[in-house]
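We just call them A, B, C, D, E and F in the order they show up, numbering each chain from 1.
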Amino acid sequence: MKRTTTTIAGLAPTTLERLRLVSTATLTTQLFKRGLRNTFVRGVHRVSRPGPNLVGPAFTLRNIPSREDIDQLKVFEDPEHPQRKSIETVPPGHVLVVDCRGDTGAASAGGILLARLEVRGAAGFVSDGCVRDTPEIAGMAFPVYCAGGSAPLNLVRHHAADTQRPIGCGGVAVYPGDVIVGDGEGVVVVPAHIADEVAVDAAEQESLEEFVTAEIRAGRPLPGTYPPNDATRARYAKWRGRRAKK
Amino acid sequence: MKRTTTTIAGLAPTTLERLRLVSTATLTTQLFKRGLRNTFVRGVHRVSRPGPNLVGPAFTLRNIPSREDIDQLKVFEDPEHPQRKSIETVPPGHVLVVDCRGDTGAASAGGILLARLEVRGAAGFVSDGCVRDTPEIAGMAFPVYCAGGSAPLNLVRHHAADTQRPIGCGGVAVYPGDVIVGDGEGVVVVPAHIADEVAVDAAEQESLEEFVTAEIRAGRPLPGTYPPNDATRARYAKWRGRRAKK
Amino acid sequence: MKRTTTTIAGLAPTTLERLRLVSTATLTTQLFKRGLRNTFVRGVHRVSRPGPNLVGPAFTLRNIPSREDIDQLKVFEDPEHPQRKSIETVPPGHVLVVDCRGDTGAASAGGILLARLEVRGAAGFVSDGCVRDTPEIAGMAFPVYCAGGSAPLNLVRHHAADTQRPIGCGGVAVYPGDVIVGDGEGVVVVPAHIADEVAVDAAEQESLEEFVTAEIRAGRPLPGTYPPNDATRARYAKWRGRRAKK
Amino acid sequence: MKRTTTTIAGLAPTTLERLRLVSTATLTTQLFKRGLRNTFVRGVHRVSRPGPNLVGPAFTLRNIPSREDIDQLKVFEDPEHPQRKSIETVPPGHVLVVDCRGDTGAASAGGILLARLEVRGAAGFVSDGCVRDTPEIAGMAFPVYCAGGSAPLNLVRHHAADTQRPIGCGGVAVYPGDVIVGDGEGVVVVPAHIADEVAVDAAEQESLEEFVTAEIRAGRPLPGTYPPNDATRARYAKWRGRRAKK
Amino acid sequence: MKRTTTTIAGLAPTTLERLRLVSTATLTTQLFKRGLRNTFVRGVHRVSRPGPNLVGPAFTLRNIPSREDIDQLKVFEDPEHPQRKSIETVPPGHVLVVDCRGDTGAASAGGILLARLEVRGAAGFVSDGCVRDTPEIAGMAFPVYCAGGSAPLNLVRHHAADTQRPIGCGGVAVYPGDVIVGDGEGVVVVPAHIADEVAVDAAEQESLEEFVTAEIRAGRPLPGTYPPNDATRARYAKWRGRRAKK
Amino acid sequence: MKRTTTTIAGLAPTTLERLRLVSTATLTTQLFKRGLRNTFVRGVHRVSRPGPNLVGPAFTLRNIPSREDIDQLKVFEDPEHPQRKSIETVPPGHVLVVDCRGDTGAASAGGILLARLEVRGAAGFVSDGCVRDTPEIAGMAFPVYCAGGSAPLNLVRHHAADTQRPIGCGGVAVYPGDVIVGDGEGVVVVPAHIADEVAVDAAEQESLEEFVTAEIRAGRPLPGTYPPNDATRARYAKWRGRRAKK
């Protein structure tokens, strides 16, 4: 499944591309510099095949606890059921982000729904609950992040309540349109209004850290190297110049 | 503060009165008989003065995790802020039920807001988070149920997102209009569409249990008495008849 | 309800009386001296009226998770149902100790069953789950220890599996016949085979600590006083002698 | 180690074979249809080599918290020690299911005991506690499910109390003889009395879902396809007919 | 036990007095205004007799997990044992703040040690673990805040490691000399270097809130009153002027 | 990166070599025999490349909760910052052990710091918090044990307070110089003063267990084999003799 570089309204064209190349660790540092300390989704990891970063704006789905008289299998016959509707309406390039209140007692999606998401061109799936069919999902290239595998169907614990409202996911606020980035460590939520500048600064930070790592590997001590003092910054400027020429 | 017997659209006139006299324990049994096992709000107790049951339809407020750039003190200057708006718009006789995702790291209300709720004639307040000013609230007759006291203001953890949508509270689904009942044990959520019949059957169950308790206190064994066999039911019928005459 | 001094097979006649006068804190120290570090039931407190120590041998009841097809209200019509049977068969002076796996999502007993236990002369009730009807139980002199109030009936979470087998309660091993002691702090489990000697040593420890407290209140520093050095022990011997004469 | 198709008293001959080919996700849906919502063992995953489904009737072992004066290394010299006895007596084709109260502070088995289980022809091992020697167990084909690796020997936390009684495992009731099924997602407990019909219906559900997945992959939307409407069901009938001929 | 108004080096003379009259809720708002969101000690409440605020600079004691070969009863014979030493050396007017890593499996102090603290003129005791002898401590005027009662002596879980180093308590950083304030809701940690200004602003905030509460009780709506607009602030200025004259 | 056999003051020359060849499971049994039950670090696993055992004396670093006014990025410019200092001063062959209070909300180190540790010849890194850059660390041969990956930088949750003091890590006491051993199961802490004898006995235990495993695989039952009776021990003595000759 080839993911195309979606142009997202309100984001600089290069922002998504930059975010595909930086780590969630770097992004949390950039967000910390801007006063945001709670941006990394807790308890969530990639359960699909390792691969490039997940990047895309959030499309949100919210679950509340299920109730036995409402949440029976027949609900899925209604095409307006919010879970099913969300999968049919998430725009290409967007990430379906699901609020499960961190409840891991049931799935919030399974193999068939995730296959449909992939076919529809969604960028990925993030849930602070679980998914089912994880043995099958482990082989998918489509990026799926969640708290793990849980076989019971969603109705055992979850009632899909609404879509495209602000939610919490893994303890972090997610507003529709916030930029979701996932790598091998986890998922970070970048507020939409600062995504462009964060992407630029994160890319620059990673360039510097690549240089610093090489210096450390070559035997330099932390003081003066990390964080870099003026001498190190000067060496970095040269290194960067040489790089740019290649 | 005198609480008037509010007539609530869609409920039999006597339903609220009946629910004021039965326990949450009895109600969960009636709901269990109807296939509903998850109706008792977890982790919540009365922090205001002991008193009669809290009874009223739910008016819901939902919080998501706060974000430092959005949730600053100035938000309260906006009369449309959902937390403040909910307090000004909850109809008399209704219960403000707040979804805090069970996060106890901050308050979801304090003394001033709860005083305003009381003045406005709300029936009570239920939150699966905390409140602040608990030493003062401990003396209020206005029924306040929550997870305990937590001094930090809501903005430390909570962003009020919207009102009158289905929420989760203490692991239980709460739909606007569901009937909330709170006693000295905790809070139960009675789905609106069965509240009338549940109220009738709960009152009858309590009458029977009052008789059974007297029998047990008088030395009868559990078998045949609780649950009652035909002989016990016959004695109960007489006892009830005598009672009705008084 | 007057509790008589039951003579329990295998225990010295004075053991239960001694245990009524010592604290659970003292008992855990005596058990620690004998290599037992895990004897205090976790997460449990007295929910009935404050009063003298609960003391008595354990009679055990074990719950496993309930299953919807088995655990319906009709099970209570069977007098052999282990929960009901345990209440009808616990010997006078014994403590019904219930293993709920620490699950607080439902009650493990309620007002009627506890009333029957009291009428039958049981010494008390200990559960690492909850009870229902706590507002009523708060007024009972009969000692009830548990994790708190939870309205839903036991069948929502618990299936009574068997009685008089070794169980875990609040993380502590409880063998039938172990001596249960509860005070205002909580519940400790004293293995039956050392209960006599522990009771003697605990009483002596409390006598010494009463003296030490008086010394500390009078201004003595901790070193030399607590633990006592030879001089303090000599003063204690005199103090004790004077006391014995009164 | 080749696992033979054991015939289990009371089960249709094909039931175990069918259960080897269906997922735990499918089984929980079939159990949900029958009113059973709590059947998936929580907190447990396969720590041995990935492979075919674990399938077999449960043979149960129960642990309570250990006590220092009882649980010393010498207990293992007694061939009647319940843990050791259970390993020597579990019938071929059965699954040893262990109740550790979810305590992960010690092992409930290790490499030598699991090797003996395998040699004896047991179908597998499930514990809601941990095992030790996980680096070695990771290479075993014998199916081992548990909460992870924990080096300390069982006596640090567990006292093996009895076998073949109803237990809880990962929050689920397990009765001796219940059919245990484990796949790459986890473990589900199928009550013995419905295992035959659940196996049949689960196999049929998987056949339908294989067809639905192909349709979704081919671009069909969820509405009408999943769940299938009459047209989809008609296409499925044909697909199934073609398959049967092959 | 009369608590004298201690003069603490580095604090304005009136700071402690002001802090005695404001709530922890007010203080967390003042700290939030200064960018400090994590200042309220989690999981801790007053277990001694209700009374005036606890106020005083922190004197810290740190526990690590105990080890069986080191932490035997004989350690208390050493007057240099950090727990005992801390009690003998905490300066009058200071608060002994204890880091128990939130472990509630044992006591961090008991009746005798707390009596000695009181006699020595300490301002109070705060621990994120438990204390023993809570039935006795419940009657003490000396302010004791902790996670509750736990009978086992500290050595079961805690090794007193050192004093007067920065610690964590209930998830909050505590530096020696930080000003501890406890009321009926819990405990807040005020960094020493801003304690004076926080005390002034908190007193002013409480004055305003007293006025606002009266307005709300008199029927004013939240908008314009809380937070106050210019008109309300003008009324407040008058009210305050009248008050000052009394 | 080749790890040299460091000679550590106070340890027999062969101790570290022996500990490289035994499992943490074996070590916990040897420690249990000496009365130490709490020696296995909870919640920690190897996040770097699988490889030989981590073995080395502990060099400790302690974190407390961070505070917004103190823990800003500029702190890293100070070469005396305890986290940075610890990395520059941990002696070759030692293990940096970090106390994060089990808080997984932020990293306690990242790729650059761990690279510096490796270059400096440290034996490994153990933290009961998380690290960042786990996708990169997963490929390192340098042994890194922690609770998992968490992108946010340490300042979000942690303030490095001091080094080389006794700490808790994963619920276990760690004194500077205690011998840390990590394998594919986790990390065990061996008190320094018994490390030599534990290493000898652990090696002998593993030799016996290798023989026992072979016997079990060959079909012998547990009784008489594990634990071994005299006949088995005699066979073992022969087996061992044959081995020694090879």
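Basically, contacts are C-beta pairs under 8 Å (C-beta built on N, C-alpha and C of every residue); 3 or more make two chains touch, one makes a residue touch a chain.
The shown structure was predicted, so the numbers you read here are calculated from the model rather than taken from an experiment.
K.L.:
Show me the overlap between the contact partners of subunit A and those of subunit B.
P.N.:
Common neighbours, subunit A/subunit B: none found.
K.L.:
Could you check if the interface between copies subunit B and subunit C is built from the same residues on both sides, meaning over half shared, or from different ones?
P.N.:
different
K.L.:
Centre to centre, by mean C-alpha position, how many angstrom separate subunit B and subunit E?
P.N.:
Computed from C-alpha means, the inter-chain centre distance equals 33 Å.
K.L.:
On a C-alpha centroid basis, what's the spacing between subunit A and subunit E, in Å?
P.N.:
Roughly 40 Å separates the two chain centres.
K.L.:
Averaged over CA atoms, how far is the centre of subunit B from the centre of subunit F? Could you give it in whole Å?
P.N.:
51
K.L.:
Two or more other chains touching the same residue: where does that happen in subunit F?
P.N.:
37
K.L.:
Work through the pairs of chains, note which ones touch, and then classify the graph as line, ring, star, complete or other.
P.N.:
Shape of the chain contacts: other, as it matches none of the listed patterns.
K.L.:
By the touch definition up top, name every chain pair that qualifies.
P.N.:
By the stated definition, chains touch in these pairs: A-B, A-D, A-F, B-C, B-E, C-D, C-E, D-F, E-F.
K.L.:
Within their complex, state which residues of subunit B touch subunit A.
P.N.:
So the residues of subunit B in touch with subunit A come to 34-38, 64-70, 101, 159, 161-162, 165-168, 171-174, 191.
K.L.:
Where on subunit F does subunit D make contact in their complex?
P.N.:
Counting only subunit F, the residues touching subunit D are 23-25, 27-29, 32-33, 37, 39-40, 42, 45, 183-186, 188, 209, 212-213, 216-217, 219, 221-223, 226-227.
K.L.:
Going by the contact rule set out above, which residues of subunit D touch subunit F in the complex?
P.N.:
Touch list, subunit D to subunit F: 73, 76-77, 79, 84, 87-88, 104-105, 107, 110-113, 115-116, 119, 132-135, 138, 149-153, 155-156.
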